[in-house]
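The letters A, B, C and D name the chains in turn, as written, and every chain counts its residues from 1.
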Amino acid sequence: MCQFFSSTFIILLGGFLSLVFARQKKFSKVIAVLFLSGGCLLGLLDAAAKLLNPAGASASFRYLDLFFLSFHVDGLSAFFLTAIFAVSLMAAIYSFHYMENEEGGIKTGVNYFFFSVLIASMALVVTAANILSFMISWEMMSLSSFFLVIYSHESAENRKAGYLYFVFTHVGAMFVLAAFGLIYGHTGSFEFAPMAGVPEAVKILIFVLSFIGFGSKAGVFPFHVWLPHAHPAAPSHISAVMSGVMIKTGIYGILRIYAILDFHTPVFGYITLIAGVISGILGVVYALGQHDIKRLLAYHSVENIGIILIGLGIGMIGAATGNPLVAVLGFAGGILHVLNHSVFKSLLFMGAGMVLHQTGTRSIDALGGLLKGMKITGTTFIIGSLAICGLPPFNGFVSEFFIYMGSFKAIPVGSISFAMSVFAIISLAVIGGLALACFTKVVGVVFQGEPRTKAAENVKENGLAMMVPMGCLAAACVIIGVFPKVFIDMALTAVQALGLDYGRVPVEPFGQITGNITFAALLFFVVVLIVMGIRSIYYKNKTTTKSGTWGCGFTQPTVKMQYTGSSYAGSILEFFSAAAPLSEEHPPIKGRFPLKTHYHSHVNDIAELHMKNVVVRPVFYLFDKLRWMQHGDIHLYIGYILLAIVLLLFFI
Amino acid sequence: MMFNPVDIILSFVLLSVLFSFGTDRVLILIKLLGFQGVVISIIPFFIGHDMSTGGTVFTLATLVIRGFIIPLSIFVAIRKGAIRRVVEPIVGYHASILCGLAVIIGATYISGRLDFGSVSGFKLLEPTAIALLVTGMFLLMARRNAIAMVIGYIMMENGIYLVGSGLSVGTRHIVEFGILLDVLAGVMIMAVILRNIKQTFDDVDTALLRTLKD
Amino acid sequence: MVEIVFLTPFITGLVAFFLPKIIGRFLLVLTGAAHLTLSFMLWRDQPQAIFDQYFAVTPEGMLSLLVISLLFFLISIYTVGFLKESQIKSEGLFTGAMLVFLATMTMVTLSDHIMVMWIAIEATTLASAPLINTHRSTASLEATWKYVLICSVGIAMALLGSVLVAFSMGQANVGTPISFSALAGVAKTLDPVWLKAGFVFILVGYGTKMGLAPMHTWLPDAHSEAPSPASALLSGVLLNCAFLGIFKTNKIMVAAGLEDFSGGILMVFGLLSILAAATFILKQNEYKRMLAYSSIENMGIIAFGTGVGGLGVYGAVICMLHHSLIKSSLFLSSGNILLGYGDRLIKNTGNLVNGMPRTFVAFFAGFIGIAGFPPFGLFIGELCIIVAAFKAGFHLAVTVFILSLCVIFAGFANQIMKISFEECNTVIKIQEKASMVWPQYLLLLTSLVLCFFIPDSLNQTISDAVTAIGGGLR
Amino acid sequence: MIQSILLWLAAILAAPFFSGLILKIKAFFGGKKGPPILINYYTLIKLFKKGSVYSNSTTFMFKLGPVISLAASVTALMFLPIAGYDPVFSFNGDVIFVLYALGLGRFFTIAAAMDTASPFEGMGAAREAYFPIICEAAMFMILIFFYRITGELQLSAYFAGSNTQSMWSSAGAPLLFIVISFFIILLTENSRVPVDDPATHLELTMIHEVMVLDHSGPDFALIELGSFCKLIFYSTIISRMILPFESAIFGFPIVMYIAGLLVVYVAVGVTESVTARYRMDKVPQFVLTSFALAFFATIITLEFVK
C-alpha cells in the first residue's frame, strides 16, 4: 500500500510543482512529465505485482474524528490500477511534445496540475474501500476532468461541452450518492462490506441507482450525451486518458457495487446486457456518422463500453444461474476488454492528436493521404483500428472471443438467457461489422488516398515523445493479441475479487483457450509470411512502374473526386435511419452550368434530442410556473408569514 | 367583582380597534395608537404584580414610550414631509369594518378555546390582545400607505406586549425594557425610512415599492 | 468577562460614526482583530458571564462566534480596499453600522436568555438596515424598507413565540429563569401544547430572518442591494445567527421529546427553501441575486439536516460553518466583479478568466465549494445529511432534496460559466489589489483545510453542539 | 493429418476450376461456346508472369491487401473439414476465429481499394463494407443454430464424419432453411449475381471487381486466387450439408463432395444466368432474408431440440 500511496503522492507533487514553476514553461513541463511518468511507473509496477501474485493490501485513516477514509487493493482494483497507470504513463510522455506549441506557461502548468489530480483521483477511486473515500476521490476526478475539458474555453463549443459534462457528472454522482445512502441506511456503516440482511427489492433498487450513476460516467447509452462533446474538447492526451481509463471507473463502480451487493439475480444481468447491446450498436452507428475524428472515437468509446457491459451481463447471468464457466468467461472477457479498450483507444486518440497537431484540423473529409507523410502514426493507427474492430491477431479479438464463448455457453441455460445470449451474439457480430466499416472509413479517408485540402498536403510527423507511446501501445495491442495468457490470468484474478463464491476459478479451460488463440494467431502469421514469400518470388527481377490511378476512362481526375467519408457511410446510415435520423442540408442545383454548391449532413443523437424534450423542457416549465412567488408586493410577503403560521398551527 | 375597571378600558380598546379598521385618516390612526399604548401600559398596575419602585418606574417609562414617544415620532415624520394623510386601502372601508367585527368575534372565540383565563382574571384581556395582533396584521396587509403599515406593526407589538403582561410571564423588567427599546429603535428607523421614501418618491404609496422582483 | 466581546465593537462603532474616513477604516480593521483575539480567548478559557442568567458560552454559540469574528476580520480587510474603490457618501455611517452590527451579532451568539436572544436578533435587523441603504438608490431604499418591515414583523412573531414558550412553564416552576439552558433542563415538565405553539411562532419568526421559504422574500433584495462586504456579512453570518435561535429552541424541543414534531416542520421548510432557490436560480439574470438565492438554498439544507437528526445534525453544523466561509468569499468576489464591470446583470459580464484572473480563481473556487464538491467542506456536510436522511427513512423527502440540488447546480453552473468564459469586451474598471482577493483566498483555504482536518478542540465544540440535540454518528 | 493437408491443397488448387465452371454454365445459357474450362488457370499463370503498375497514390497497404486476403481465406480453409475428413487444424471456437479472419481479409481489401484515391474503388469499398454486416449477423445466427444442435463451437463438429448426418436426423426441417440462407450468404460474400455482377462492364455497378481495378500482375493473381478459395470455402460447407452421406467404400466421400460442389456451382451459375442484378438499395432486403431464415430455423429448433 505504501508504494501505491507514494506513487500517487509523486504524481500530485509533480502537478503542484509544475504549477509553482509555471512561469518557466519548459522547466515546469519537464518536471511535470518526469514526476508524472515516474509516479505512474511506480504505481504500475506495484499494481502488476499485486496482480501476478495476488495479495490484498489495505490502509485506513481517521477522518474528522468521526469517520474513516479506508482504502483497499484487491484483484479488481489492481487490474484497473494497471490500466490507469499504464495509459496515464503513456499520456504523460506523449504530452511532452503535444503541449509544445501551447501559448502561456500558466495554462500549461494548470493543465498538468489538473492532469495529475485526475490520475491520482482515478487511482484512489479504484482503491477506495468506503463511501467517504470513494465519493471524495470520485468528485475530485470529475472536477479535475471538467477543468481539463474546458482547458481551451475560447470556443463556445468547448464551453458547451464542459457545461454538459459538469452537469452530467454531478447528477450522476448524486445518483451514486443516493445508492450509497440506501446502503448506509440499511447497513449503518460507511464501509464497503457485503450486505447480508438487506431486502432484495432494495438491492435491486441500489443496483439500478448506481447503474444510472456510474453509467452516466461510463457513457452508457441514454446517459452518454456529454461524452461525444467532452472528449473532443479536451487536449488529445487528456482525451486518451479520459476515454481510455476515466470512463472505465464507471465500469469499476458497477462491478464494485455488484460485488458489495453479493446478490446474484439474473435481473442484474438482463439490465446490464440490454444496456450494453443498445449502447454498443447505437454507439458505433453514431460513430459512423461523425465527421470529426475525435468525436468519432468518442462514440466508439460508447460502443466499447457496450461490449464490456455485454460481457459483464453474460457473466452476471452465468453467476445467477449457477454456471461458473459462463460467469467467468463473461466477466473475464468484459474485464479484459477494459484493458484492451484502454490500450487501443488511447493509441487511437494519440494518433488523432498527432493528426490534429500537424494538420490543425479534426474534420475527416478535409484530410487524406497522411500515411505517406506519417509512417509511424499511420501504421500504429491502423493497428489500433484493427484491434478496435476486434480482428485477430490483435487484442480486441481476445476479449470479444471470450465474450462470444461465454454467450454461446449460456445458450442452453434457459429460455430467457437463450434470448439474451442470442441478443448478445448477434449484436456483437453487427457491432464488429459496423466497427470495421467505420474504421475502414477513417483509415481510408484520413490516411489513404490523396490529400483533400491544403491542410493535409505534405504533412510530416515529428516529436519523438509522441511517437514512442504510440509505438508501445501498438506493440501492446499485438502482444495481448498473440500471447493473451498472462493478461487473462490477470483478468481471472480480478474476477475472483468479485466474490462469486466459486473459490479458486479452474484455470485449465482458460489456459486451453488462450493457447488456441496464440496458436491460431501464430498460424495466421506463418501463412501470411508464406504468401509474402510467394509474392516476393514472383516479383523478383520484374519491372514495376508507377503511374496515375486508373480513372476508368476519365482523363482529368482531381482529388475532389475521391469518395468522402460521408458518402462512404451514407448507405449504412440509411439502414439505421430509425435510430440515427440524418439531417441533410444542400441547396438544389440551379441553371445549366451550376457553379458552386455545398452539402452538409449531421447525424442526430436521439438521446440528445430527447434529453431536451423529455427532461429539460418540463423542468423549466415546472419552475417557471412557480416564479410568480417573488412578485415584489410587500403586503403579500407579509401574508406569506401569516399563512405559514396559520397552516402550522393546525398541526399542533 | 362587580366593577372591573380593566375590562371597561379594554372594551374601549376594542372599540378603537374597530375604529382603526374604519378610518381613512392617518392622524386618527396615530391617535388611536397613542390611546392603545397608554391603556395597555397601565394594565400591569391592575394585574397584581409586585409594584416595587423599579416596577413602577418601568411601567411609567413604558407608558411614556408606548403612549407618546412612538406616536409622536411617526407624527413628526409626517410633519417633516407633509405626507398625504389618507390611507390608500386595498380592502375597502366598509369591508374593513366587517373584517374588524369578524376579528373581534374570532378573537373572543379563540381566547375562549385556549383557556388563558386561568392566568389572569380578566375576560377581555386575551381577546383584546389577539384583536390587536390581528388588526396589526390586517393593517400591514390591507393598507398601501406605508405609514399605516408601520402603525399596523406597532399595534401588533402592543398586542404581543398585552399577551405577555396578560400571561404574567415572570421576566425581569430590564429585559422587557430592552424589548421596548428595540421596538422604539425599530419605529425610529422606520420613521427615517419613511422620510427617505417621501423624499425620493414624494409619496408613501407602497405601490411604488414593487420594482425588486424576479 | 463575556460581555466585553460585544461591548468592544459596540463602543468603537458608536465612536466610528463621527470619525473621518481614514481613521474609521483603520478602526474597522483594528476592532476586527481585537474581536478575533477576544473571541479566541473566550473560546480557550470559557469564563462565566457577569450577567449569567442572560449570557452564557454555549458550544453552538461559540462556533458561530468564531465564524463571525474570523469572517469579520477578513471582510474588514477587504472593506478597506473596497471603500477605496467605491465612493460611498456617508462612510462614517457605514463603518459604524458595520461595527454595531458585529456587536449585535456577537450578542446573539452569547445570549442564553430567550428574550435577550430576541432583543439581540431584532437589534441585528436595526443595525444592518443602514448598511443595506448605503447606496441611497431607490432600489436600495425599497430593499431596506422590505427588509426592516418584513423582518420586524417576523421577529415580532418570534417574540410571541418566546412568550408562549415562557408561558408553557406554567405555574409549576416559576422560579426558573427563562434561559435556554434552564428550559432544556426542565423541558420534560413543560406543557407540550404551548411549547409546540411557541416553537411554531419562533420557527416562523426567526425563519423569516434566516431566509426560509416562504418567508425568505426580503432576502434576495437586501443581499443584492447591499454593498458587497455587507452582503457577505449578511448571508455569511447573520443567517447563522437567526438559525442559532431556531437551533436552541429545537434543543428544548428535543429535550422535551418533541423532536419528531420539530424535525418534521424543519424538514418541510428546508425542502421549501431549496425548491424556492431552485426556482429562481434556474433563470437568474443578476449574479448577486443568484448568490442570495443560493444562501436560501443552503439555509434550507441546514434546516433539513437539523430536522433529519442523527448524523444530519452534524452535517447541518458542518454546512453552516462552510457555507459562511464560502458564501462570504463569493460575495466579496462578486463585489470585485461589480466594481470591475460596473453591472449587476450576468449578460453584461463575461470572460472573467482573462479580465480579472485572480478574482476568477476565488470566484470559481467558491462556486465549486458552494456546489458541494470536495475539497471544500460543504461536500461532507451534504453527504452526511443525505446519508442520514436515508438512514432515517425519509426516502421521498431526500429524493426531492437530491433532485432539486441537481436542478440548482445546473442553473448555477450555467450562469457561472457565462460569467467566467463568455466573450465580453468590457474594459475592466479596477485592477485587482491584493487586499481585495486575499481575504477570499484565506476564507476558501480555511474551508479547504477544515474539510480534511479539524483541530480536536474545535471538533469537541462541534460534537458538543451536535449531541446537544441528539445528533452525532448513530 | 497428412491427408487433411493434401485435401486442403487439393481444394485450393481445384478452386479455379470450379469457378471456371460457372462461366461455362453462363455461356451455355447464353447459347455461347464460352471460354475453356481451365480459363482461370491460364489467367493466373499469365498474371503471375507479368509485372505490375502501381498508382502514385498507393502505399504499402495496397500491396498488403492481396496478401492478407489470400492468407485469410486459405487459413479459413485449414479449419474446414473437407469431404467430411478432419480438418488440418481444429479447436474449440475456431469458427469465430475463421469468421473474424475473413473479416480481416475484408478490412485489407477495402483498405487497398481506398488506397488508390479512385472514386469508383471507394464506391465499391463502401458496398463491400456494408453488405457483409448483415451477412455476419446471419452467419452467427446459423452458428447459434448449430450450437443448439451439437453444443460445439468448431467446424469439425458440424461437418466432419457423421456429424452432419446426425444434425439432419435431429433437426432436418430447420436445416433446409439453413441451407438456403447459407446459399444467399454465399452469393453475397462472394459478390455474385444478384448482389453483384462480376461480368458487368460499368464500374459504377460493381462491388468486388471495381475494388481491384488498380491491382495488376501477381498481386491481382493473389486476389483472384483468394476469391476462388473463399468461394470454395462456402461451397464446401453447403455441399457437405446437402450430401452428408458416409460410407466405407474408398473415395466415396470424395465423390459425394465433388458432386455437392458441382451442384452448388451449377446452382450459382444458373442463378447468375436466369436472374438479374438487384438495385443496390434492394440488396439489404435480399441479405436480410437469409438472416430471417436462419432466425426462423433457430426458433423452431427450440421445439426440436429440448
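What we mean here is this: a residue touches a chain if its C-beta (ideal position, glycine included) is under 8 Å from a C-beta of that chain, and two chains touch if they have at least 3 such contacts.
Fair warning: this is a prediction, and the values are worked out from it, not measured in the lab.
Minimum number of contact steps separating subunit C from subunit D: 2. When chain centres are taken as C-alpha averages, the shortest distance to the whole-protein C-alpha average belongs to A. Between the chains A-D lie more C-beta contact pairs than between any other two chains.
Between the CA-based centres of subunit B and subunit D the separation comes to 101 Å, rounded to the whole angstrom. Look at where the CA atoms of subunit B average out and do the same for subunit C: the two points lie 31 Å apart.
Averaged C-alpha coordinates give centres for subunit A and subunit D that are 36 Å from one another.
With centres taken as mean Cα positions, subunit B sits 70 Å from subunit A.
Among the residues of subunit D, none is found touching two or more other chains. Of all residues in subunit C, those touching 2 or more other chains are 145-146, 149, 153, 220, 280, listed in ascending order.
Of all residues in subunit B, those touching 2 or more other chains are 140, 149, 206, 209, 211-212, 214, listed in ascending order. Applying the touch criterion to all chain pairs gives A-B, A-C, A-D, B-C. Within the complex, the subunit B residues that touch subunit C are 119, 133, 140, 146, 149-150, 153, 156-157, 160, 163-164, 167, 169-171, 175-176, 178-179, 182, 185-186, 189-190, 193, 196-197, 200-201, 206, 209, 211-212, 214. Of all residues in subunit A, those touching subunit C in their complex are 63-67, 131-132, 135-136, 139-140, 142-143, 150, 153, 159, 162-163, 166-167, 170-171, 174, 177-178, 180-182, 184-185, 188, 619-620, 623-624, 626-627, 629-630, 634, 637-638, 640-641, 643-645, 648-649, 651-652.
Of all the residues in subunit A, the ones that touch subunit B in their complex are 627, 630-636, 638-639, 642. Listed in rising order, the residues of subunit A touching subunit D in the complex are 368-369, 371-372, 378, 382, 386, 389-392, 397, 401, 404-405, 408, 411-412, 415, 418, 422, 425-426, 428-430, 432-434, 436-437, 439-441, 443-445, 448-450, 512-513, 516-517, 519-520, 523-524, 527-528, 530-532, 534-535, 538-539, 542-552, 557, 559, 561-563, 567-572, 574-575.
Residues 90, 137, 140-142, 144, 149, 206, 209-214 of subunit B are the ones that touch subunit A when the two sit in their complex.
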